[in-house]
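Please go over the structures that come below.
In the two complexes that follow, subunit A is the common piece, with subunit B as its partner first and subunit C second.
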Partner chain A sequence: MGLALVVGIELIHLGSGTVRLTPDEVAHALLGRPEQPWHEDIVVGLRLPRGLVAITAGAMLGAAGAMLQAVTRNALADPGLLGISSGAALAIVLAASWGGGGMSVGSPWAPLVATGGAVVVGAVVFWLGWRQTGSAAGGGTDVMVLNGLMITASVSALISVILTLDGSVFGTVLRWLVGTLHATAWQDWDRLWPWAVVGLVAVAASLRAVTVLWAGAEVATTVGVEISRARMVVFAAAAVLSAGAVCAVGAIAFVGLVAAHLVRPLVGSHPVRLLPMAAVAGALLLLGADTIANVLSFAVPDGGIAARASLPTGAVTALVGGPLLLALVLKETR
Partner chain B sequence: MSPKAPAASRRVRAAIGILAVTVAGLSTFAVFGLAAGRPDVPVVDLWSVLSGAGDERVRIALVDLRAPRLVLALLAGAALGLAGALLQDGLRNPIAAPELLGVSNGCAVVVAAIAILGLPVPRAAVTPMALAGGMAVGAVAILVGMRLRSTVAQVLCGLAFSSVLSGAIVALVTLGAPANAGLLYQFLLGSLANRGWADVQILVIWCAVAVPAALVLARSLNVLRLGDDAAATLGIAVLRTRIAVLAVASLLTAAVVAVCGPIGFVALVAPHLVRSMLGTVDARWVLPMAAAVGALVLVAADQTARMIADPRELAAGMVTALVGAPLLVAMLQWRRMSVLS
Partner chain C sequence: MITARRLARARRHQPREQHRGAALPAIVADQVRIGYGERVVVPDLDLAIEPGSWVALVGPNGSGKSTILRAMCRLLAPADGTVLLDGRDVGGLSPREVATTLAVVSQGAVAPAGITVRELVTQGRHPHRALVGAVSAEDRRAVAEAMELTGIEAFADRYVERLSGGERQRVWIALALAQEPRTLLLDEPTTFLDIGHQVEVLDLVAKLRRERHLTIVAVLHDLAQAARYADRMIALRAGEVVADGPPREVVTTALVADLFGVHASIVDDPVTGAPVVLPYASLRGSADRSVDADVATARTSSHGGG
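Up next is the complex of A and B:
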C-alpha cells in the first residue's frame, strides 16, 4: 500500500510545475504514449529525476532514522537532530571550498567526504552524551538531542560562514542549511543511486547488529555480539545513508524521525520489519513534502524567471516535523 | 566579622572587575570600530575627523554608519543578557534562553512577515507586534514545558516550536523574496549590518521601559529560586511573577529581534559567565552584570563579523553561534550542570 501511495504521489509530483499536467497525462507520458510530444520531455527529461531523488533520498533518511532510533534506544533520534546531516553538509561545503574545481559538490567522491563529516560530528555528539551521563548509547534521550542541537547550531554557523566567504562555488545556501530539491536533474540521480546501493548493502550488513542492539544489552551479550562494535557498525551504516541523502538533497531534518514513528504502530518495532517500512515511509514523506513545496512555489505570483520562488523542501519537513517532535518530547520525558 | 563577609567582598571585587573589563573592552572596540573599515581612519586622527576637521564624507561614515552600529550592538547585547538572566532565574532552568524557548523565532516570524509581505504596519508598531508573537510562542512553550520534569525536555519543547517557526521563516523568505540570501541570514541568524540611528531609537525606547522593569524583578527572582512552594510561603505570587518575567524578557527580545533579527547564544551564555565570575546567583548582582557582559559580547561578536573576513562581512549571529554553542557544550561538560538531573 505504501508503494502504491508513492506511485500516486509521484504522479501528482510530476504533474506540478510551470506546465500543470493531470496524473493521467503524466502516466501516458511515462508509458511512452504522451498526449502531446512535449509532455514526455517535461515529465521524463525534467521532472522525473527530482521525483526519483526524492524517493531514494527519503528512503535513505527513513532507514537511517529507524536505525539510529534502534541503536540508541532513543525515540528522538534522527540524522538531522543528532548533527549527522549538518556534519555531512559541512564536510561537502569545506571540501568544495578548499578543493576548488576538483572537489566540487558534484564530484562522485562527495558522498565519501560527506560520510566522513557525518561520522565525525555524530561521534562528537555521542561522546558528549556518554561523558555527561556515562551511558554508552550516547546519553539519555533528551540530553543527546540537546547536544545534537548545540553542535548543529555551531556547525550550521560554520557552514554559513564558509558560504558567505566563498559564495561563488555553491549557488544556494538553502541546500546546506535547510535542504531543497530545487533544480535536481538527471546527473543528480546518476550520483545518488550508486550510493543508495552502497547504503542498501550497509543496511543488509548491519541488520543483525541492529536487531541485537534493539533487543538490549543482555540479549547481545547472550548471543555473543560485542556491543560496542555492533554499535559502531550500525552508526557507520546510518552515517553512510544520511550522508548520501545529504549530498543529493541537503541537510533536510525530521524525515528520519517522522518516518520511523509513522510506521512503528503499524508493523511494530522489530528492526527487520521496521527498517524497510521506515524506508518506504521516508520516501513517501520526502516526496510528499517536495510535492507540497513545489505546488506552493508555483502558487505564488510569478516574479519572472530570475525571481522564481522555490520553497525549500526542508522548510516543509520542519513545519510537519516540529509538532511531531513536540508530541514525542511530551510523551517520552513526562 | 560575619562569615559572609569574604564572599561579599569577593562579589564586589568581581563586579568591579567585570565592569572594568566591560568598559575597557567596549572603549577599545568603540575606537577600533569607528576607525577601521573603508575608509580606514588612523586612530590618532579619529578626534579631528569627528570634530569636523577632515573630509566631511568620512565624518558622515563614522557618525551615521559606524557609530549607530556600535551603539546598537551595545544595547542589543545588554537587552539579550538581561533577557537570558530573567528567563533562567524565572524558570529555574539554567539552559533557558529566548532563542531556545521559541521566543526569538516567534518575534522573528512576525517581523519577517511584516517586512516581506509588505504589510502596512507603521515602524513603531513592529516591535509591539513582534512582542505579541514572541510572548505567544514563549507562553505556550513554557506552559507546555512546565508539565515536564526535566529542564532539558523544556528546552526540547521550545526547540520543537523553534523548528516550526524557522520553517515558516524560510518559507516566507523563499516565497516572498526569492534569491535573497541576505534576508534569510537576517531572519534566521541575526545581523547588525546597515543599521542607522532610527534603529537605535527603537531599541532605546523599549529598553527604557524594559530594563528598569527587569531590575525591579530581581528581588522576586531571588525568592523564586527557592522553589515555588517556598516562594508562595514568602508571599510571592508565583504565577504572576513568572508571567511578569516572561513579559519583560519577551519585550527585551522582541525589541532586539525587530531591529537585528534573532541573534542567538548571547542571552544563554552571558548570565552563566557572570554567575561563575561573581560566585553568586543573586539576581540583584547577576542581572546588571549580565547586561554589561552581554553588551561586550555582542559588540565584540559584531565587530569580529564585520572585520574578520574583510571585504566580505559575516552576520553577527554566525559568530555568536559559532562561539556560543561550543562554549555552552563545554560548560555543560565541565560543570555537569544540575540540568541533567
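Up next is the complex of A and C:
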C-alpha cells in the first residue's frame, strides 16, 4: 500500500512544474506513449530524476532515523539530532571552501567527503559520551542526545563562520544547506544510487545488531554482542545513509525523525518491521514535500519566488515536520 | 542442509558429554585480579565451579559479587590471571562462543516497548545464527522449548512491558535458555520481586538445573534464600573470599557479623532445614554501648509483656 502511494504521488509530482500535466499524461509519457512528443522530454528527461532522487533520499533518511531511534532507544534520535547530518554538511562546506569549484556539492566525491564528515562528527558525539560516563556504550541515551544537540549547534555555527569568511561558496552551498531538489538532474541520480545500494547493504548487514541493541544492553550482554562495536557499526551505516541523502538533497530536516514515528503505530517498534516501513514513509514524506514545494512555487502567478527559483523542499518539511514533531512529543509525554 | 545442521548439533553436544565424563569445572578463576581502571575490586581470586552445582555469591554491597560475574562472562577482562570456561580461556573465546556456553540474567533489565515475549526470547538465538538469514526451524524449536520450560507460552505473543515483574523475570530466563548454555549466571534475580515471585523464580532455576543439567552461579542478597537453594555458598568481603562451602558451614553468626555488621540469630528452617538468618541489631554505630545488654533488656521486656 505504501508503495502504491509512492507511485501515486510520483505521478502527481511528475506532473507539477512550469508545464502542468495530468497524472494520465504523465503515465502515458512514462510508458513511452506520450500524448505530445515533448511530454516525454519533460517527464523522463527533466522530472523523473528529481522524483527518483526524492524517493531514494527520503527512504535513506527514513531508514537512518529508524535505525538510530532503535539503537539509542530514544524516540527523538535522528541523523540531524546526533550530529551526523551536520557533520556531512560541514565536510562539504569545508571541501568547497578549500578545494574551490572542483570540490563543490556537485562533485562525484561529495558523498564520500560527506560520509567522512558524518562519521567523524558522529564519532565525536560517541566519544564524548564515553568520556563523560566511562561506559563503553557511549553514554546513556539522554547523554548521547544532549551531546548530539550540542555538537550539532557548534557545527552549524562553524558552517556559518566558514560561509561568512568565504563568500565564494556562499551562493552554491546555501541553497543546498536549506535543502532543495530544485534543478535535480540525471547526474544527481547517478551519484545517489550507488550510495543507496551501499546503504542498503549496510542496513541488511547491521539489522541483527540493530535488533539486539534495541532489545537492550542486558540482551546484548548475554547473547555475546559487544555493545560499543555494534553501536559503531550501526552508526556508520546510518552515517552512510544520511550523508548520501544529504549530498543529494541538502540538509533536509525532520524526514528521518518523523518517518519512523508515522509508521510505528502501524507496524510496531521491532526494527525488522520498522526499518523497511520507515524507509517507505521517508520516501513518501520527501516526495510529498517536494510535490507541495513544487505546486506552491508555481501557484504564485508571477514575480515572487517562482520567477527565480522554486520553494526549497527543506522549508516544506520543516514547516510540516516541526508542528508534527511537537504533536508527537506532546502525545508521548502526555 | 539437514545433514549439516545435524552435524553442527552433534558437534555442539559433544563437549557436554566429554566434560560430563572428565568432570571439567564449568568455570575456573585462576589468580584473577579484576578492577575498573585503577580501582581494584577483586585482588586475587581462585575459584573452581563444578558442573551442575548451584553456587551462590553472597556479601555486602560493593564486595565484588557482580564484578566477578562480569569477569566470568567476558564483560570485564581481568587485569591479571585467567578465567576458564569449560577448560577454555575466556579471553581467547569469541563473544559468540562465550554466549553459547554461558548465559546471563542481568539485574533490572528493561525490554523496549513494543517487543513481544517470543521476539525477545528469540534474541537468545543470536549467537547460534549466521550474520544474515531468517530464523531457522532449530531456532524456533529452542525458543519454544525455552518458553515451555519457563511456563510463558501462554503469553508468547503479548508485549513484555504488559507483564508482571515475576512473568517478566521468567521471560529473561527463557531468553538465556534459548542460548542453550551449560551455565547460567544470575545477578540478583529476585531483587524487584515480591516473595511469592521470588520463590517462583528460584524454584524455576532449581528445576532448570535439574532438567537441563545447568550449572548455576547466582548473586543473591537474601542469605536464607541462598542457603535454601544453593549447594555451595561463597561469601565475599572487599573482593576476597571469606567463606566457601556448604550453606550450613558458611552461614554462621560470626560470618554475618563480619560481612554485614549485624548481630543475628541463626535458626534452622523447620521445613527445609536450611539455616535462616534473623538479624536483631546493627553492630555499626553501637561501639559505645552494649548491644547485647540492650537486646537482653528488650527480650526481657517483651517476654514480660507477653
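The criterion applied here is as follows: the second predicted complex is superposed on the first by the 277 of 334 C-alpha atoms of A that agree within 3 Å, B and C clash if a C-alpha of one lies under 4 Å from a C-alpha of the other, contacts with A are read in each partner's own complex, and residues count from 1 in each chain.
Keep in mind that, in the parts below, contacts are C-beta pairs under 8 Å (C-beta built on N, C-alpha and C of every residue); 3 or more make two chains touch, one makes a residue touch a chain.
Model, not experiment: these values are computed from the prediction.
S.K.: Output check: A:145 vs subunit B and subunit C. Expected answer is one of first, second, both, neither. What do you get?
M.R.: first
S.K.: Quick check on the superposed pair: does A:225 touch subunit B, subunit C, both, or neither? Answer first, second, both or neither.
M.R.: Second partner only.
S.K.: Pick one for A:296: touches subunit B only (first), subunit C only (second), both, or neither.
M.R.: First partner only, subunit B.
S.K.: Mind working out whether A:73 is in touch with subunit B, subunit C, both or neither, as first, second, both or neither?
M.R.: The second partner, subunit C, only.
S.K.: Could you look at A:270 and tell me whether it touches subunit B, subunit C, both or neither (first, second, both, neither)?
M.R.: In the superposition, A:270 touches subunit C alone.
S.K.: Between subunit B (first) and subunit C (second), which, if any, makes contact with A:211: first, second, both or neither?
M.R.: Once the two structures are laid over each other on A, A:211 reaches subunit C alone.
S.K.: Could you look at A:158 and tell me whether it touches subunit B, subunit C, both or neither (first, second, both, neither)?
M.R.: first
S.K.: In the overlay, work out which of subunit B or subunit C sits against more residues of subunit A.
M.R.: Of subunit B and subunit C, the partner in contact with more residues of subunit A is B.
S.K.: For subunit A, which residues belong to both interfaces, subunit B and subunit C?
M.R.: Overlap of subunit B and subunit C footprints on subunit A: empty.
S.K.: If you look only at subunit A, which of its residues touch subunit B in the complex?
M.R.: Spelled out, the residues of subunit A in touch with subunit B are 76, 128, 131-133, 142-143, 145-147, 149-151, 153-154, 156-158, 160-161, 164-165, 173-174, 177-178, 253-254, 296-297, 300, 303, 306-312, 314-319, 321-323, 325-326, 329-330, 333-334.
S.K.: Can you list the subunit A residues touching subunit C in their complex?
M.R.: For subunit A paired with subunit C, touching residues are 73, 134, 204-205, 207-208, 211-212, 214-219, 221-226, 264, 268-270.
S.K.: Show me the residue ranges of subunit B that touch subunit A in the complex, using the header's touch definition.
M.R.: For this pair, the touching residues of subunit B are 95, 144, 147-150, 152-153, 155-157, 159-164, 166-168, 170-171, 174-176, 178-179, 181, 184-185, 188-189, 264-265, 309, 312-315, 317-319, 321-322, 324-326, 328-329, 332-333, 336, 340.
S.K.: Flag every residue of subunit C that touches subunit A in the complex, lowest number first.
M.R.: Against subunit A, the touching part of subunit C is residues 36, 73, 75, 94-100, 103-106, 109-115, 119-120, 123-124, 126-127, 129, 131-132, 172, 175-176, 179.
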